[in-house]
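A, B, C, D and E label the chains in the order they appear, each numbered from 1.
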Amino acid sequence: PGPSQVQAHAADRGPATELKLGYFANLTHAPALISDSKGLLEGKLEQDGTGLEPQLFNAGPAAIEALNSGAIDAAYLGPSPALNSYISSKGNSLRIVAGAASGGASLVVKKDIAEPSDLAGTELATPQFGGTQDVALRHYLAENELLDDATVTPSSNGTLTQLFGRGAIDGAGVPEPYASLLVENYEGHRLVDESSLWPEGKFPTTVLVVAKDFLIEHPETVEKLVEANSEAIDWLNSAEQEEKIVAVQEALNAANGSSFAQPVISAALEEVTFAEDPLADTYQTLINHAAQVGIGEPGSADGLVDSRFIASQEH
Amino acid sequence: MGVLINEVSLTYPGTGLVIDQLSAEIEDGEFIAVLGASGCGKSSLLNMIAGLLAPSSGWLEVPQDGAAFMFQDSNLLPWLTAGKNVELALKLADYPVAQRAGRVTELLQLVQLGHAMEKKPHELSGGMRQRVALARALAQDRQVLLMDEPFAALDAITRDMLHEQLRALWAQTGKTIIFVTHNVREAIRLAGRILVLSSHPGRILETRCITDDLRNDPAQSAALANELTTILRKEQRKHELTDRNAG
Amino acid sequence: MSSLIETPDRTAAPGRTRLRPSRKVDAFVAPILTVLVLLSLWQIASWASPLREDLFPGPVAVAGKLPELLADGSLVSAVGTSLFRALSGFVIAVLIATPIALLLAHQPLLRQGVGPLVSAMQVLPSIAWVPAAIILFGLSDATIYTVLLLGAIPSIINGLLSGIDMIPTQYKALSKVLGASKREHILHIELPAALPGYVAGLRQGWAFAWRSLMAAELIAVGGSLALGVGSLLQRGRDLADLPLVMLVILTILLVGVLIELLFFAPIERKLMADRGMTRTGENNG
Amino acid sequence: MSSLIETPDRTAAPGRTRLRPSRKVDAFVAPILTVLVLLSLWQIASWASPLREDLFPGPVAVAGKLPELLADGSLVSAVGTSLFRALSGFVIAVLIATPIALLLAHQPLLRQGVGPLVSAMQVLPSIAWVPAAIILFGLSDATIYTVLLLGAIPSIINGLLSGIDMIPTQYKALSKVLGASKREHILHIELPAALPGYVAGLRQGWAFAWRSLMAAELIAVGGSLALGVGSLLQRGRDLADLPLVMLVILTILLVGVLIELLFFAPIERKLMADRGMTRTGENNG
Amino acid sequence: MGVLINEVSLTYPGTGLVIDQLSAEIEDGEFIAVLGASGCGKSSLLNMIAGLLAPSSGWLEVPQDGAAFMFQDSNLLPWLTAGKNVELALKLADYPVAQRAGRVTELLQLVQLGHAMEKKPHELSGGMRQRVALARALAQDRQVLLMDEPFAALDAITRDMLHEQLRALWAQTGKTIIFVTHNVREAIRLAGRILVLSSHPGRILETRCITDDLRNDPAQSAALANELTTILRKEQRKHELTDRNAG
């Protein structure tokens, strides 16, 4: 009985009094970090009298839980948790309103693994079961008919780094800056850059999602959110390399005390592309890939992306 | 009517029949001594009168406010001092708060323990614990007072003194007192009536009334003591035999 | 005034025995009833709730998930894996913790030095051990067992220690008078006397063991390590699959109830009966 | 000839023991010594270890991290936040658990029905509650407290229940004889008699409370929720910053030791002294 | 030499001086009774002899293998049956395994409890528990036997019987027996020497040797009993006064 009631009451109610925005202290969430540290979003929201409450998360599932409960209204997320939630709620939970980052995920392996066929019999890891890198890696292994030969162990980013450092795993499919960290500090090398597996080399890493009800009730606020996102991305794409590295490093440090070295951040920024295109075409592929390797339920991504707020799209 | 015991039987799961259709009528204000061999069921009987144990058959009638009970082991609460142990009984009997402290002192002095008020049970000697338990039983101030070998751990002199005090208390208050003892002379000295229990199963073997005349006549009471001892000894003989066979 | 306090009452036939349902049945009937009541409350709540169905699935929705999980065998095998790990780990923990507790109980200096640390280790969350365990053992069962043991051992040590602390001094005096050697004292007096406290400690130790295991199973949820219940739970969260999460929770509860009813409760009942006591809530005055 | 130091043993005839005043050994250095020994072992191990320093930092490296964390105040404020949450949550848990335990102890049917579930809830990992708590309370302290309470309450209930179970039957008889009402019985006999077991349960409850709190603090690391020790630990793990992880572990241990030494140990010592017992490992025969 | 007590004093933290420079020499094979008011320090003295309590000053000498001790409370282990409680003492005294079961039966029969072998302590009556404790003390079979009011919870007949058996055992084995009692007649009947303790602080007030002649002469022993009672009563008077003042 729930959903219909909620829909019945949902209507445009003008700007929200408050926007609760979730994101991670990750390099792939740089648009959120920059928007926050430069006060971009805050400034825009103030015009409507909307307050901003940023909220840091560790992982996608917790962010999705928070979004579902109304504890946050919008979030920067990897596409996989967003897709999972969209499908399991039958389209009622959220919408993707913009992209934030693409690329910037690689399979980093030990020195002695030189080509894909060497992956047979190895132990690999990804940050999260059913996450973007997890599905990608499993799909890649399946394509190369290695899925039964190599094992894939989901484990958190920090643990992965440790496991790789200790030699307990032979490789990891990870996002930036961890991929760069493994390369810079732990003598790994990139065996597969994920972008090489996608048409035009583009696949989403971070997207901006908004709770469906919030989107219906406060489109003005969402518009501001997307604008700020766009400005942050513009800044990231236009700023001097040095300035960019320092700004990202400081934003990360301010957010959760991260202390990644400049070379790591610099290498990571090379890998990631910041763009507000949500890459709507890729979601069905992502869902299909997941279903092919037996993760999650098959479903349709139709209606997931609401790209009306993206300026570039309008023109 | 003080206490009415009607064809009460008691069976313990592991032990079998301990008390067999025992009946007794105890008048209001009587002073009863219960004699019997070790293990014959005296404590069990008191437990039933106190309502702590349900009879397996038969029934008992006791005053509605229950009975004060002095247990065979002193059963003091280890976290309370001697004084607080007695005070708890007063508190639970709704004794007026203002007079409690005074009453506690009075009761402990009665049992010669005025100096041990602040002592925890583990700091008391065996006899001292028993006397605190006695003070606590008196603190309850019920119409019926059950005492399970109240003086067993006491020396003869202290015991003598407490005998006197118990008699005096009984005379003053008209309580119904039922007390278990192993000491035939003690029974004769204190009680108005003596019930002698048999063992295995427990029945009333003998009932003797003690008049004040008898009590105060050394020769007569010595004769009664001998007589009761003989009865008890005869009863005991039987068990010696059964025990030999059982072992 | 005399009133009647008759037990059993006057009209009852003499010598009648009270009929009691056997304990075993009792022990299972009441919990099952409770569960049924809770399930219906849950279903009603989920109907009445304004929350979306994927956020608050009712028992029916959750049950609907069951065939799928049973069909691919993942639930059964996860429960089997976790139960095996938890039980074997628990046994190891008991075997390690018991001598340590005895040592601490008999070495005053050691106890003063190490005792507070043991208590402190109880409050250390299991995941704190994960980095260290991974460095030592990589992604192996050894890592999982390490985390489990470090969770369970301190609590069992504390349970046995507090059981030993509660032993009445008179038993220690007896043991001395009987001329018991240290070994004999421990074997014949200390352990049996401390047993009730020890079992209470074991129950807590089991809880710690199981919860630590769940935490350990989150380190790594598949691959070379067999999939456990903890991994399944995390998988449910990762996939925003609340019916799966609920199903895992119910499974864990079921395992917990069974362990309690088949293991701890009977032991405790036996111990208490041995000492002439009854658990409150069991018949007998 | 009566002085405290007496003729030595050898003057006793052969085959005989001479019993003399005992001397008490004072050992205040023990805990400090233990910590020092452990620290040096750790430092030596880290020097001797072939592992890279960032994988196995020694105490010196960890200590080096301290000024930085103290400078930005994050460690102190995280400890303060977590400690406040844990203590207040623990107090609430005690206030909720105690009446429930008393109710269960006095309602046989309820205990049979709900008792095993309470034990089972102890084995439910804290993160199992997180999704439900978030849905109900969002990202607020209420969520954190819910997870903490659900972790601590069952264990306190079980502690009090087992304390009540262990009450010698004779105290119950006494209470009946003294004419105590149910309320009076609970207040004057049951609670004080169960106190030692209850405190043992509280210690476990505290451990559960703290560990559940750590789990709850992983949900979110900043924003509306103040940063706690659990978040700091997770941050250390996420950043593969082992010195930070170690520092947080040491901090948690320190908090645990202090709570033990300043709270549980004195209470327990008092309770036992009240009952004429001593903790093993404390002087007195 | 049985037991040597040399200027032993004992101070309890809360209570103060309980035993004051007490000295006594007890020969090997002596049968000693200790009399004294409740709380005068008799149990404390036995505890020191058994090595359970260290004197505050002075020293004691006892045989190296220690002493068998029958406690004032029976102190049975609640998880063991009566038989197992006795057996434990045999086991810890390294009694040959093969003969243990037989010896347990023998000892329990000695105290009239052959039938209660399989009972747990909570299924026994107070007097039965005390008798199991007696059997256990005898099972220890040490040269020195300490008994703290061993017959307090027993009826006169059982007590008589056990008196005889204890005398016989002593005569056969030549044990050194030190027993505390409240019963002056019991002391005269059993002991070879009686020590009377004063209270507050405990000192030896009187020492009396009992010859067999005296023991067997009712008139003489009655006279001694009276004399000892008078001594004890005089001692007690003092405390009554102090207690009134303290209370």
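In this text, a contact is a pair of C-beta atoms (placed from the backbone, for glycine too) under 8 Å apart; a residue touches a chain by one contact, two chains touch by 3 or more.
For each chain, UniProt lists the protein as follows: B, E = Aliphatic sulfonates ABC transporter, ATP-binding subunit; C, D = ABC transporter permease.
Owing to the predicted nature of the structure, the values given are computational and were not obtained by experimental measurement.
**Student:** If you walk from chain to touching chain, how few steps can bring you from subunit A to subunit B?
**Tutor:** Minimum step count, subunit A to subunit B: 2.
**Student:** Considering only mean CA positions as chain centres, point out the chain farthest from subunit E.
**Tutor:** Result for max centroid distance from subunit E is chain A.
**Student:** Determine which of the two chain pairs, A-D or B-D, is joined by the larger number of C-beta pairs in contact.
**Tutor:** Between B-D and A-D, contacts are more numerous in A-D.
**Student:** Quick one: report the Å distance separating subunit A from subunit E, using the average Cα coordinate of each chain.
**Tutor:** Centres of subunit A and subunit E (C-alpha means) sit 84 Å apart.
**Student:** Between subunit B and subunit E, what is the separation of their C-alpha centroids in Å?
**Tutor:** 25
**Student:** At what distance in angstrom does the C-alpha mean of subunit C (ABC transporter permease) lie from that of subunit B?
**Tutor:** Roughly 46 Å, centre to centre.
**Student:** Using Cα averages as centroids, what's the distance between subunit A and subunit C (ABC transporter permease) in whole Å?
**Tutor:** 40
**Student:** Scan subunit D (ABC transporter permease) for residues touching two or more other chains and write them down.
**Tutor:** 51, 55, 130-131, 135, 234, 237, 242, 276
**Student:** Of all residues in subunit E, which are in touch with two or more distinct other chains?
**Tutor:** Touching at least two other chains: 51-52, 66, 73, 123.
**Student:** So which stretches of subunit A touch two or more other chains?
**Tutor:** Answer for subunit A, listing residues that touch two or more other chains: 65, 68-69, 158-159, 162, 166.
**Student:** Within the complex, which stretch of subunit C (ABC transporter permease) touches subunit E?
**Tutor:** Those residues of subunit C (ABC transporter permease) that touch subunit E are 170-171, 173-174, 176-180, 184, 188-189, 192-193, 195, 271, 274-276.
**Student:** So in the complex, the part of subunit B that touches subunit E is made up of which residues?
**Tutor:** Touch residues, subunit B against subunit E: 12, 14-15, 35-39, 41-43, 72-73, 105, 108-109, 112-119, 123-128, 131, 148-149, 152-159, 161, 182-184, 229, 232-233, 236, 239-240, 242-244, 246-247.
**Student:** Considering only the defined contacts, which subunit D (ABC transporter permease) positions touch subunit E in the complex?
**Tutor:** It is residues 1-4, 6-7, 12-13, 15-22, 285 of subunit D (ABC transporter permease) that touch subunit E.
**Student:** So in the complex, the part of subunit E that touches subunit D (ABC transporter permease) is made up of which residues?
**Tutor:** It is residues 1, 6-7, 9, 21, 48, 51-64, 66 of subunit E that touch subunit D (ABC transporter permease).
**Student:** Which residues of subunit A touch subunit D (ABC transporter permease) once you look at their complex with the stated criterion?
**Tutor:** Against subunit D (ABC transporter permease), the touching part of subunit A is residues 20, 22, 25, 53-58, 62, 65-66, 68-72, 156-159, 161-162, 165-166, 181, 185, 255-260.
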